[in-house]
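First comes the structure, then the notes that go with it.
Naming follows writing order (A, B, C and D), and every chain is counted from residue 1.
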Amino acid sequence: MAPRLHKLINRPEDLVDEMLEGFCAAYADIARCGGDRLVMRAQPKAIGKVGLVMGSGSGHEPAMLGWVGEGLFDVVVAGEVFAAPGPENMLAGIRAADRGGGALVCVSHHAGDRLNAELALELCEIEGIENVEMVLLYDDISSAPKGREAERRGTAGLFFVWKMLGAYCEGDVSLASAKALAEKVRDNTRSLAVSLSSCASPVTGQAMFEMGADEMEIGMGLHGEKGMGRQKALSANETIDLMLPLLLEDLPYRAGDEVLVLLNNSGSLTLMELFILYRHAAARLAEAGIDVYRCWIGPYATTLETAGFALALCRVDEQLKALWDAPANGAYMKQL
Amino acid sequence: MAPRLHKLINRPEDLVDEMLEGFCAAYADIARCGGDRLVMRAQPKAIGKVGLVMGSGSGHEPAMLGWVGEGLFDVVVAGEVFAAPGPENMLAGIRAADRGGGALVCVSHHAGDRLNAELALELCEIEGIENVEMVLLYDDISSAPKGREAERRGTAGLFFVWKMLGAYCEGDVSLASAKALAEKVRDNTRSLAVSLSSCASPVTGQAMFEMGADEMEIGMGLHGEKGMGRQKALSANETIDLMLPLLLEDLPYRAGDEVLVLLNNSGSLTLMELFILYRHAAARLAEAGIDVYRCWIGPYATTLETAGFALALCRVDEQLKALWDAPANGAYMKQL
Amino acid sequence: MTEIGAAELSGMIAAMAARVGAERDQLNRLDAALGDGDHGTSISTAFEVAAADIAALEDPDMSAVWLATAKALMNRMGGASGAIFGTFFLRGVSLLRERDSLGKAEMSALLAAGLAGVKARGKAQAGDKTMVDALEPALRAFAAADDFSAAWSAAAAAASNGAESTRDLAARQGRAKYLGERAIGHIDPGAMTVALMFEAIDGCWPENRE
Amino acid sequence: MTEIGAAELSGMIAAMAARVGAERDQLNRLDAALGDGDHGTSISTAFEVAAADIAALEDPDMSAVWLATAKALMNRMGGASGAIFGTFFLRGVSLLRERDSLGKAEMSALLAAGLAGVKARGKAQAGDKTMVDALEPALRAFAAADDFSAAWSAAAAAASNGAESTRDLAARQGRAKYLGERAIGHIDPGAMTVALMFEAIDGCWPENRE
């Protein structure tokens, strides 16, 4: 099954800038373009609070643009399609996020994102910018075995970190405790994705990878990277029965645990399919004695128009539940 | 470009019921399954208010399930994929929606939807249920020429009616004035859709229609029905320059008007493309002296995984702006 | 027989269900040429449900028989065609209220109310290549005949001719209207169903049974 | 020449930019075999920006030259490789602060700081089929030589041999690591770039120019 090659864009070299312009024009009450490919809150946070900044390759929309706003991120720095932004843009993002309480640079673990963030931190040192910390985020159980969690990739499950860390940093907290909170959410989160199709680069107009019509990739990364392997495509219930046990045993999640659930649409899965998948996941979680506190189903971190989804779990305690339920007002993440 | 034939479902004959179960399990605080394929508010509206009910074929998710909730619809009745629910289920929906203030049956104009709603109203008469009205909603300028608006199809632009009518019926209003409000919003709304790909039926596993890799259908209906015609696929700016003038001259929208804008994703367009499309639409509207009051960009009424989008405009006055900004809490439509 | 009661009405529905069920595959084939190939399955399933629902009613009056049929067609066929076939019966329900039997003239009025409902509902006229092309001539023939026996036979023949006449038409309603000239050469499945319905009544009418 | 000043450093960057730019298509071809085919375009564009940015500086000191190069590589190449090449220069910036010139030993230390940064950043070791396979032997050869002139020539030769040696390796870092054994038979483009960088300096060193 070939992905759609024709994209509704103009010149490929303009697409990131035009996308940011369109986004900021649409949601001017929430976010504004800050130059250097920065998207920042329309109303900055109060002086003295910890600022949150994250770089993100493009092609994952609404991530991360949709997460800028009250109760969420302060600044997002956009890169080219599937490529981390460079360190100078990251540095500009750090400056913009720092409201005097320091800045926490959140990194979704991939070589490019990590290296460029590290470089940005070295630039901070060279330029005498203090009170900047970096936190490495990862969740994808298919990218490294249990025991080597720090080698894993960051994927859709970071959703939980973004929301709760955003809520946390609305309070009067220290940079160190913000970093610790991010690590706490990360360490309670696990994700696994499957895909049924490839996607096509809007830059080159070519398919990103090859996939047969009746195949399923288990453990896809957020850019279509390989995971655990290919197999014949399964039914909805079979797919959940393959994925959920792997997630449950990895942390492990146990009877009595309370969890948040995310079913993230990679792009072109239908919501109908996601509801059918959720139905079975909810039933299996109930059988395992695991309580679903809340769930989210939709396109939160996409891989262009890939047909696939990620299932992510986050174990929560009273602190995390309160952070989850705190208000948020991003263009694509609203909590009343 | 062939659509994806493998769907993550179980038995095709179970898919609507499983979808509803999954949806209601996921959003139990907002909606619950009421039997007869009804989805209704978890907390019903106060006694005496006008109830809103709508039937909807499946395959358009999050429409209409995601629009059940406070400030929105009271009851949605689901049909099979792309097929209106039958009159008995509609009758059950009307009964459930009526809280003593009567019920308004909203119909997105298609033969099946209209006929089944009319039949449900006849059943109401036979069964002595009074105070039920029906309103026919349409917006798609490609399906009948100007002057024959009442023959047009209902498509994604009904989004505006759903939201504002929902807000209106939270107040102490009469059934007649609710119907008049729905007509007012409808008569200020115009939509036009384009698509780049077909979609595949999850029931038969076959493509719904054929489409070439470099083609574009102008004026697609919400089930992939034909519109104004096929042509070579255009760039983002060219596409807007083709669509927007047709919309503007149809009402017509004039300099000084204030409008709401919807860019509805038919399924598998990327948000990146939609932001790029919005950028140009916003610029052209500004040139025409038309003021964008608010806009929404995302998948609100899909055609399974079709790659395409609808551009819809709604002219607003002070009353409609206030209704737009009123709070809403559906699973897929939140207004803070 | 000059008067029809609830038992006869029930028998008529059962006969239609059997006849349409026997021709299910043929009706599907006709719909495959002009539409989505499901007409035989949908209409026969719906008639089966109607017959079963009527059989389950305790001592039903005439309007209950007609209402059960209307509901089964409307709710089990789905889409526009379920609404149209269902309307044919639904529009008769109020005429049957409080009655124990019907004479031929009243039967004629009952059928006419159904046809008027169908045309009002679906907006199809004779010549649009729909079930109306069988129904309308059947009712004219029924009304013109002197007694029930002659009327059912004349109606069945007229419906069958009407169905046959759709072969040469392009469609102006239903799914087939998108086919344009390509619809010519195929009988409309809904019209064929109407022919089968009248054939079934005629075939089980006491004086007409061979 | 026994001391290098800011002008010489600037000249070295300009020479690298020219050399890498001349081999852009060859580097793209090498990357097409092992990666995504963009290495020549990315590295040559970034070096061009570096040379232009340096030329635009008013009376730059040595650290400014190195910092401008680091920034151009980091920000214009993008992804992991931009970070790695940029780091090579970035790590030298503080060593160059407050200095007017460098002797050979200090130059050796400057290069060694860069290599250490590259290895710390990218986690690649010799034999992983990356630019490290050219850089590490070049620095060893540079350190072992007696004076600048001999050191640049020895480094250029060692880098070239190092790049050549990657042909027989399977990759353990970068995009090529997903190719497994299929990477064998192709020179690593990043290693080739390092060889071109040293060749460029050697070729413009006063005593070594033919």
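Observations, loosely collected:
We take it that a contact is a pair of C-beta atoms (placed from the backbone, for glycine too) under 8 Å apart; a residue touches a chain by one contact, two chains touch by 3 or more.
Quick caveat, the model's predicted, so the values are computed rather than measured.
Common neighbours of chain B and chain C, by the contact definition above: there are none.
Here the CA centre of chain A is 34 Å from the CA centre of chain D. Here the CA centre of chain A is 58 Å from the CA centre of chain C. Distance from the chain C centre to the chain D centre is 86 Å, each centre being the mean of its Cα atoms.
Annotation for chain C: no residues touch 2 or more other chains. The touch graph of these protein chains is an open line. Chains touching one another form the pairs A-B, A-D, B-C. Contacts from chain B toward chain C in the complex involve residues 79-80, 83-84, 86-89, 111-112, 115-116, 118-119, 122, 126, 226. Only residues 1-2, 4-10, 15, 18-23, 25-26, 58-59, 61-62, 196-197, 202, 213-214, 233-237, 239, 267-280, 282, 295, 297-299, 302, 304-305, 307, 309, 327, 329, 332, 334, 336 of chain B touch chain A when the two sit together in their complex. Per the touch definition, chain C reaches chain B in the complex via residues 67, 71, 74-80, 82-84, 86-87, 90, 93-94, 121-122, 178.
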